[in-house]
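Presented sequentially are two complexes of chain A, the first with chain B as partner and the second with chain C.
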Partner chain A sequence: MKIPKLEHGRGFRPISVFTRHKFAVAGLIVILSEIILVVLLPVIFKMDPIVSDLSSFGAKPGAGHLLGTDSIGRDLFARLVYGGRTSLFVGFMSTLFAVALGVPLGLLAGYYRRWVECAVMRLVEVFMSFPSMVLILVLVSVIGPSVWTVTVVIGFLGWTQFARLVFASVLTIREKEYVLSASAIGSSDAAIILKYIFPGAVNPVLIAGTFMTASSILLESSLSFLGMGVQPPASSWGSMLYDAQSIAVLSGKPWQWIPPGFMLILTVLCINFLGDGIRNMLEPKNKTNI
Partner chain B sequence: MIILRMAAKRGSLNGMKWRYIVRRLCIAVPTFFGITLIVYIIASFAPGSPLDAFLADPRITAAELARKKTAMGLDRPVAVQYLMWLKAFLGGDFGFSFSTKKPVLDVIIQRMGPTLLLAFSSVVLSVAAAVFLGISAASRINTVRDYAASGLSLFMLSSPNFFVGLVLIYIFSVKLKLLPSNGLYDSAGEKSFGMLLRHMILPVLVLSFQHIGNWTRHMRSSVISTLTEDYIRTARAKGLGRTQTILRHALRNSLTPLLTVIGMSIPEFVGGAVITEQIFSWPGVGSLMVQAISSRDYPVIMGITVFVALLALLSNLVTDILYGQLDPRVRYE
Partner chain C sequence: MVGESGCGKSTLAHSILRLIRPDSGSARYRGRDILSLNRTELLEMRRKMQIVFQDPYSSLAPHMTAEKLIGDPLRVHGCRSEASIREMVVKLLCEVGLDADCLHRFPHEFSGGQRQRIGIARALILNPEFVVCDEPVSALDVSVRAQVLNLMRSLQISKKLTYLFISHDLSVVKHISDRIAVMYMGKIVELADKWRLYANPAHPYTKGLLGAIPSLQGRRRGGISLSGDAPDAYQRPSGCCFRNRCPAAELVCKIEEPELKDVGHGHMAACHLQGPRGDESVPSAAMV
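Coming up: the complex of A and B.
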């Protein structure tokens, strides 16, 4: 007799749910190898993304320069690798920044309620009611565009989703009996929040954080594409596409702008796959009735 | 006001709703002024001054420069400048653009037409495509069709719109020479509606691309969760076909959550069309914003910000109210 497998009973292993999602596993592998490559390649091959090769301007991909050179003779492969460093760095750091800002505020608002909740959640409403692209453009142009500016600004405008998610989780967790018993035996507020409430609010943050990393990478590349993100001579995938705004580069030198665009889509797609996999693992779906 | 109070007194659902709307408006007003204040302060800290434009003129004297500064109100403290701006704004005066010397309101209204045209077309296309793809995926969950639609939507969501724009221009304008990639009309020839439509195809596609991906995912999960309801099982048990069940019973209830997502992104279509308008030289508010930022044209930056903020607050409010209309289970607190 065949015994049906229980999804949530004993022996339910989240990891096996994750590995069943083939695209998520592929996404994880691609992202991890990208991180390893952008860290190691420049060290191994002594790449320089800034120095110009005066003997070749706008060269096609070939033996000397794997992906060719740009209009002022910089090696495009080196710029692609360094651009990857920038994109991944901004993606992860701005998300960390947003988490570091949003999670504590959400925890405090949900635990203490009253005026803390009022202040934090009104602030969230103000931030959320504003279309981020316009505010990001204004902020970046005022502070002066750089990798750090872009990272901080994206993080600063992204914290609200984490505050909201954590706040919602805390509201249900704080009514649980184990929280009551913890406060009955005299645990301090800090201990209750950190030991009993925070662990229950981690899952949604992990899921939203993965998706935010993907959208931060897109946002950074858009800003750099407009010339308001990472500034030359530093490289980013978005700024490599900046040159393609001229019709000469766009139509005549596709090797200059297709690789960074391809890498952007691949990276963002893989992180989104990873996010889907994590969500499937942590929040299993219902079966439909149709 | 009287109608509001009467409704509230009856204690009906309607009264609750009105009280909710009034409360939301009370929050929206300070939010609006908060946003304008923040942007004003940020903009005034910007390096570079609008006076730089006059410095380029070698004949300008210090006295004349000082006179210009006073005329533009730049010698006052930031707080005073903000209050001056606010007072003028409430009187309907947005000031004059530093770079073109035209009234800001006129400049923005002139740019609003192309932006709204682009935004409206894109919203319609995105909703249609997302509803179709979302239903296709959700009605046959975990089949090839679901994987294809979900994969496509994730791909669209993950594609930077400037890259999509460049690829489309490369294929359709440069290689195939099928579609124009520049502005509203051709530089030569009579300006016809057909010409405008041809110019709109690529920008609308680019502006819709990510939204189709995003909304399809929302639509799919919304349809899936609707399909777990008991009334769907009842409809099926009565012998109604799959398609009929979905179109007659599931569609309407699945659209409600999508509406929130759409309402939240409306301001992105107007204020966030920056990239699309930039690539296609579309003479709208987004490209105006880029110009204004690069020339430090504070009155224009402020004007656009105010417009977009108003639009965002309004569309959030309308979305919330519509949500309650479409889903009577929603209770206002």
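Coming up: the complex of A and C.
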């Protein structure tokens, strides 16, 4: 067995650690191509996910409609691509929103301690003590379901994990002598936090962010499946599954639900592999080999 | 400044620079109370007073290159031109014995001695007058210790610096100091010129420290050997904090805390048995 180089000497190459994890590489490729495809396909090919083809309802996959049509004649391939746009958008944006909310709060709580820590961490505990699915359902039905509502609500309920992660990192970093040296040269609090503390707390955020993207995509699908997510006629992978709920469709027209289900599983799996790879790359000590 | 581990040397260093807030007392530099300075005054003060930290492995931010580490003080103090910052950094790198190749390297790519040189460069780039050196060589290998000490000495002369040099190593202190203060349990127990202190230590603790220096000629003149450990800082003994290890402790040591007083020629010591009251020196061989 080759002994892996762990110390951050000149020979340490995080990239090679990442590429050694084959599933992570595959995950990265799949996710990137998905993003490119859902952005580019509608631009290159004329496709419409809303207009019904009055000549074919519930058609099988074939020449005219690559993946067939649903029960009111909408092209399923177009809906799959546009649904991918929605699902990926919600996944990434809600994570971004959660990071933007949680990271600064965690930094402030960890750096200033005292009442800031008290306020932020108690707030985190309050948020975490709610069953999030129920809360999301309530919030969405109060505000009204839409892509943006779902994104913001998922992000708004997801910030706590980032605040806790960053808080924990800051607690260890602020005891390091280099933070003291930053104040010895006269850096302001903001400069100390941004230039000296934050870079040391980024890695766990990146890793947790990847995993949250996957779970947000799932959450959005669950919401859409419950009818609380994306509203028709717009599509997401979850809402396509919702449309295919009847027994007749489930048993007789599998092309209506297999593609969105498959894409959902593939995407979530790939993002999780990607997260594993990033974790191996950034935290060589917590290595989990697959 | 010498003293054993945990006696408060680093606390003193950090208090002087207002890196921590002392619970009581004051810190004065050129007559100004550092603890009451406002933001701009504090920034001005930081330009004049700098610090070299003890541990070169944790005192340099691991994600910053040498250029950023050394140039950051200039940026904080309002220098905006990247070109002139780089010029200054390169100049200082040369002065501390590193070359310009190091600019884009990260701390983990340097040895302990090189890192401490970067720490020194970072402290000196603002042209301070006064530099606190908090055990700057204690984390280093013996072989590079002398190099770094000699570097600090020559920088002291060329840049006309005043050092507050903290150490627990008497041989290092003897090499670099002019005046030496001995600290025990958070108090300065003796303060004197280097030669006077080494030739004629007044406080029994200093005698114990000097007696503990290994030498080939047997025990030093005037040295004594100490027994026991420093007491818990939360359970200070009454009176003189050194009395339960002192070979010559008397009743007065138990009752009254000795003040730091002149025992002749600017030699200060905090001991009841020294100076005008008890002029006879402590019997040095009492415990041997």
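Criterion: the second predicted complex is superposed on the first by the 274 of 290 C-alpha atoms of A that agree within 3 Å, B and C clash if a C-alpha of one lies under 4 Å from a C-alpha of the other, contacts with A are read in each partner's own complex, and residues count from 1 in each chain.
The working rule: a residue touches a chain if its C-beta (ideal position, glycine included) is under 8 Å from a C-beta of that chain, and two chains touch if they have at least 3 such contacts.
The model shown is predicted, which means the values in this text are computed figures rather than measured ones.
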Should the pairing of chain B and chain C on chain A count as a clash or a fit in the superposition? fit
Is A:P199 touching anything from chain B or chain C once the two structures are fitted on A? First, second, both or neither. second
Using the superposition on chain A described above, determine whether A:D189 touches chain B (first), chain C (second), both, or neither. neither
Identify the partner contact of A:E177: answer first if only chain B is touched, second if only chain C is, both if each is, neither if none is. second
Tell me which of chain B and chain C touches more residues of chain A. B
Between chain B and chain C, as viewed from the CA centre of chain A after superposition, lies an angle in degrees, nearest 10, of 100
Per-pair minimum CA distance [chain C against chain B, superposed on A] in Å: 20
Chain B residues touching chain A - in the complex, by the definition given at the top: 27-28, 31, 34-35, 39, 42-43, 45-47, 138-139, 141, 154-155, 157-163, 166-167, 169-170, 174, 224-225, 227-230, 232-233, 236, 242, 245-246, 250, 267-268, 270-272, 274-275, 278-279, 289-290, 293-294, 301, 304-305, 308-309, 312-313, 316
In the complex of these two chains, what residues of chain A are touching chain B? 122, 125-126, 129-135, 137-139, 141-142, 144, 214, 218, 221-222, 225-226, 228, 238, 241, 244-245, 247, 250-251, 254, 257, 261, 264-265, 268-269, 272-273, 276, 285-290
Listed in rising order, chain A residues that touch chain C in their complex are 7-10, 176-178, 180-188, 191, 195-196, 199-200
Quick one: in the complex, what on chain C touches chain A? 14, 17, 19, 42-43, 46-47, 50-51, 53-55, 58-64, 72-73, 76-77, 106, 108-109, 119, 122, 126
